[in-house]
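For reference, the structures are reproduced in the following blocks.
In what follows, chain A forms one complex with chain B and a second complex with chain C.
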Partner chain A sequence: MKQALQSKRNIVALAAPALLLLVLFVLYPLIRIAIMSFQKNDGLSVSRFIGWSNYKRLFSDSAFGMIDRKSLWLCLLALVFNAALAIFVSLVLCGIDAKRQGWIRTVFILPMVLSVSVISQLWLSIYHADWGLLNGFLSAVGLAKYRQQWLINPKTALNCVAVVGMWWFFGMDLLLAFSGIKAVPDSLFEAAELDGCSYFQTATHVVLPLCKNVCRTCFLISATGGFFTFPQVYIMTGGGPGDITMTIMMYMYKQAFSNQHYGLASAVAVLGILQMVVILSVIFFLFKKIKGED
Partner chain B sequence: MEIRSKGVRTTATIILGVVAVVFFLYPLVWLLLNSFKDTTEIMTGNSFSFPTKWKLANYTDALFARNILRYFGNSVFITTCTILLTVTLSLMLGYALTRMRWRQAPQVSSMLALGMMLPSQIVIVPIFILLRQLHLVNNPLSLILTVTAFNIPLSAIISASFLKSIPYEMEEAGLIDGANLYTILTRIILPQVKPALSAMSINIFINSWNEFIYALVLIVGKQWRTLPIALMNYSSGKYGTDYGGMFAAMVITSLLPIALFVFFSDEVEKSLSAGALLK
Partner chain C sequence: MRKYVMVVLLAFLTLALPVSAQGSAEKAKAEEKITLHVLYNDTDSGVEEQMKWVMQQMQKQYPQYDIQLDMSPGDAQTYETKVRTLIAAGGEDLDIWWERGGSWASPLLTAKSALPLDQYLDKDAYWATLIPSARKTNGDGHFYALPFESISYEIMCYNKSIFKQYGLDVPKTVDELKHAVDVLAKTDYIPISVGAKDGWCAAMMFEGFAYSVDPQITSKIVKGDAKFSDTPYAEATQVMRDLLQRGAFSKNVALTGIDEALPLFESGKAAMMANGSWEVAPGSMKMGDDFGYFYYPVIRDGDVQKYGQNCAGGLKENSGYMVYSGTKHPKEAAEVALALAQMSSRWLYEISGDPMVPFLPEKLGWKNEKGFAPAVAQLAKDQQNFQFVYGLVQDVMPTAAASSGVMEYTSKFMASAPSYTNEAYLSDMDKAAREE
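Showing the complex of A and B:
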């Protein structure tokens, strides 16, 4: 009678279509970039193996070092202003009157459902030197001397791009941390308060250790998002001025689709993935060191 | 849990409320107001005021003269196909993983985990080359298949964990009555997994509707262009800088996600956090 669930044919019929797509679009591309990173490939002539040349070229290129450091800086900003700040804001949000929590949370989450294309165009307008909201706001509050060309000034461009990613993704971390904190039983909290702990003592010593996994997820997704920043850069600055806002992803895109250096772009991708693995492992390791529920 | 001192609570509420309104909500209101302003008014008028004259022509220009209606249709078509395909394939895989015994199942689970951790954009070069070899570039199928593949891991895990919570008796009874696999899936399983379907669909909708980098690389021509890409070159080209129209197009692009969020906000919040938590 259970034949229908045990026949090989049925198992293959159910699993094969999804697995085929996963192999074609996840597994095979990963292997392919590893191979292509050792090749010279311009997309037209037959690709040939050139050993470590792509990697050597990247390591000897001081511009790539700069680009890499910028991606790491965006990663760090995302860890601080998305993950850490969102966890802090959720703790405060959980402490205010319950009936006011809903709309504030909704407003924070709203940008997350929007297209990153809309968000980038919106911030491009906000930063616009002549009629942008930011300069308009500075003039309106009497700080007109700080008006500037936000995305052209080398001092401000990169951080202005970072703000857009934070604005977009803050809600995701907030939503995660908030639902994690809400899942902590109120009784634990009340017990700690009866023992005379203040709200923030309870929050950091009782609530956060119980939300360890949720917090770790916040840090993991923010780190990945920040390090691989792409659409905002592509739409708002194209990596400029100079290479000031060039990120790993933007550089890879440019090498592949503007210069047809597919091999070099693959080497960039491999270096990106390796660094990401290191960053995520460090986060995992640090969270192992912290006491708390697994 | 609540902050005990009423003064601190009120102060915290005010600070959070002001930040939310000024920094998160106001830019969106500004976007909406600008979409009704004439381009000259956007560039020279008061940034903070209502439009002096509400210019609905921004919307009609965007929709008809600038083809946004067509791109909207493309986005709807591609997103719908992606949702249907992803949900079907993920449910099938989820079912095979939870109800059937096969040796390779653990490897499949680790491949799902890998697919979930991997930022999809990093493998764009080999995927582009593969789809070009298959002559699928500029074909909506390329975008549908790619986005489907990257959404399968999360959806398959959601459906597997949901299927585990459904009792097995109904299927057993069906099997005794001689039902085949197709009947079991469509008559017994499908009606029971509706809550999982909405969680999956919301995640897939947001990812597919907003897909940027693959839409940029895989759809080069105008015929199948989607909204996020259409926005990008809106204010350039032979029409000059039509900022009013561009803001209108941005509002049009955001209509469906915002509507989804407004009408099903609880569902959306649950689905998004469920999606991220499984990572």
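Showing the complex of A and C:
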């Protein structure tokens, strides 16, 4: 095998199928989107180039700016309450006995195996302003004054949608972080214990540096998931009422399929991808600064 | 043992041969048939029942065609996206489809994706079976859609027994409507059920009230001669704001779709419902004598004599069965599309008990033996006296983006956020109307 991999021709031949798929299903669509973002395209008529018009329109549209900030907010929430919290919970979980660990892990992972449609419908019935579980619970415990129109009130709607995504995806981050921590050799824990390290010191000076790659992966997938939030918004609110819960993905979908502005939707996609590249680069950069095992 | 197995196998093969030969013959016969793919929007159980009946009739009357019906679920937007995607992908498996019309149809016609049906049908013979208002061509002199849907208007449905229980009269002015809302808001009933999440239901309410100030306002906006921020819609917006503040709607109204709003009304949990007159026939069937309807009350008391004179609605532009211009069988598809239009309308007339069809039933020999429900008969009579009729606001906007904007901002208004003022809403609506 080693001999076979020494030949460049063999390497190219082995990588070709994967490369071909990458070009066909990733690179080509990306290039196509970039081209379409400079076109006026209704999906049926012949498209024509209109220069930077789509981008100019987006940059001059205050609504788009607001929608973009909402997506960035969702990204931040996912980083904190998905990635960071999952790593913290994993650390706590590792400190308890195996039986309880199993139970708690299952509880956290359970939402992940449900379909997002089911989860969205479930949370819709929790948030419903008239007969929702949350309002019912508040009334039952004597906190009726905190009853809300959760998905309609502009102050609560976006965060309520964010909770759904976080609840759904938390298990994935937890699973990753927990597996990473479990891979740390027991001898290192024993050494830390002999050196008189506290639980916190062991976690910060031994576990986290060794799990740097896993933690970075958690942050990367959470950032992407948060910024590109779509299915739960589509099912629960459709981005509304109005644009209260509109995310960049929902806006792109609306421009393409409701308004038949495929060119404009492509420009939104390009801007979204560029922003994501910046966010991911920042995460990579910050993790590079942290000492640990690469 | 081997002997027995051989005998059984031989017997099986002997029996299977003629069956297989018969199957091949049937297959060959089926292959001779012309296959036509029909796409239809599966909006509710009523539509499913209608198409089941239609397909049974089609199989009996047109055995020479293999008609493949695809019932596509979802709202108009999802459905029309499917239509456009199928066409953009080359129109494979699409010959005929139910076009929802209005601004949805414009890009299809611009891209010449629909077949001009007057080139394949006997126009005079076809038009002779239609009511006069349905005998319409597009701007280019051709017609592309064969209408079949019930001719509909903006109305408010109400539950007669709830109104009777609280001693309420049918409101003819907005003040009377507000009084009814005040009374009902103190009960367990939802005063007005409306599917505001979908946008169009609530947009129809605004338009209904604006009509009493100037019935031509929507038409003027479409032509660019007026704005949403002008007096008629500004007054209608204030009425809607008042209704919201009086608790006329459920708390979750901005996220209530038509699929939730309709059962609320039909099950007697809501006293009124903002809807189109397409609900009159099924509503009468489901609710019996409890079902009633009224037209939008006039905003100004002095205009009460104009109540019910003008109504938004009518036959939607370019809605009905369309044939894909790239179909391999244009003549046959046009023939089947016409038959589908007539069957679909016939079901409405004969089985659903809706006389508001675009065809002339007496010319086609259709009979409604059950008779029409009183509310339906009343509506059919009323429509003959409407003085001004123009399409529904969400249907007549010049572009899909404009329609989408109108619905989106109206849905936002229904969230009743104090920060979203009447002025902000009307300004957004003006912006939406200008969307390309």
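By definition in this document, the second predicted complex is superposed on the first by the 270 of 294 C-alpha atoms of A that agree within 3 Å, B and C clash if a C-alpha of one lies under 4 Å from a C-alpha of the other, contacts with A are read in each partner's own complex, and residues count from 1 in each chain.
Just so it is clear, a contact is a pair of C-beta atoms (placed from the backbone, for glycine too) under 8 Å apart; a residue touches a chain by one contact, two chains touch by 3 or more.
All of these numbers come straight from a predicted model, not from anything done at the bench.
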Which of chain B and chain C A:Ala162 touches, first, second, both or neither: neither
Touched partner set for A:Ile283, first chain B, second chain C, both or neither: neither
Residue contacts with chain A in the superposition, chain B compared against chain C: B
Partner chain in contact with A:Ser258 - chain B first, chain C second, else both or neither: second
Chain B versus chain C as contact partner of A:Leu176, first or second or both or neither: first
Which superposed partner A:Ser45 touches (first chain B, second chain C, both, neither): second
First, second, both or neither for A:Ile273, with chain B first and chain C second: first
Partner chain in contact with A:Met249 - chain B first, chain C second, else both or neither: first
Touched partner set for A:Leu151, first chain B, second chain C, both or neither: second
Chain B versus chain C as contact partner of A:Val118, first or second or both or neither: first
Common ground on chain A, meaning residues reached by chain C in one complex and by chain B in the other: 43, 130, 257
In the complex, chain B residues that touch chain A: 1-4, 8-9, 12-13, 16-17, 20-21, 23-25, 27-28, 30-31, 34, 42-44, 47-48, 89-90, 92-93, 95-97, 99-102, 108, 111-112, 114-115, 117-119, 121-130, 145-146, 148-150, 152-153, 156, 171, 175-176, 179-181, 184, 206, 209-210, 212-213, 216-217, 227-229, 231-232, 234, 243, 246-247, 250, 253-254, 257-258, 260-261, 265, 268-269, 272-273, 276-277, 279
Footprint of chain B on chain A - complex, ascending: 1-2, 4-6, 10-11, 13-15, 17-19, 21-22, 24-30, 32-33, 36, 43, 89, 92-98, 100, 104, 106-118, 121-123, 125-126, 130-131, 133, 136-137, 140, 167, 172, 175-176, 179, 184, 186, 189, 193, 199, 202-203, 207, 214, 217, 220-221, 224, 228, 230-231, 234-235, 249, 252-253, 256-257, 262, 265-266, 269, 272-273, 276, 280
List of chain A residues in touch with chain C within their complex: 42-45, 124, 128-130, 149, 151-154, 236-238, 240-244, 254, 257-261
Partner chain A, residues of chain C touching it in the complex: 77, 81, 84-85, 87-88, 107-108, 110-111, 113, 196-197, 250-252, 254-255, 399-401, 404, 408-409, 411-417, 419-420, 435
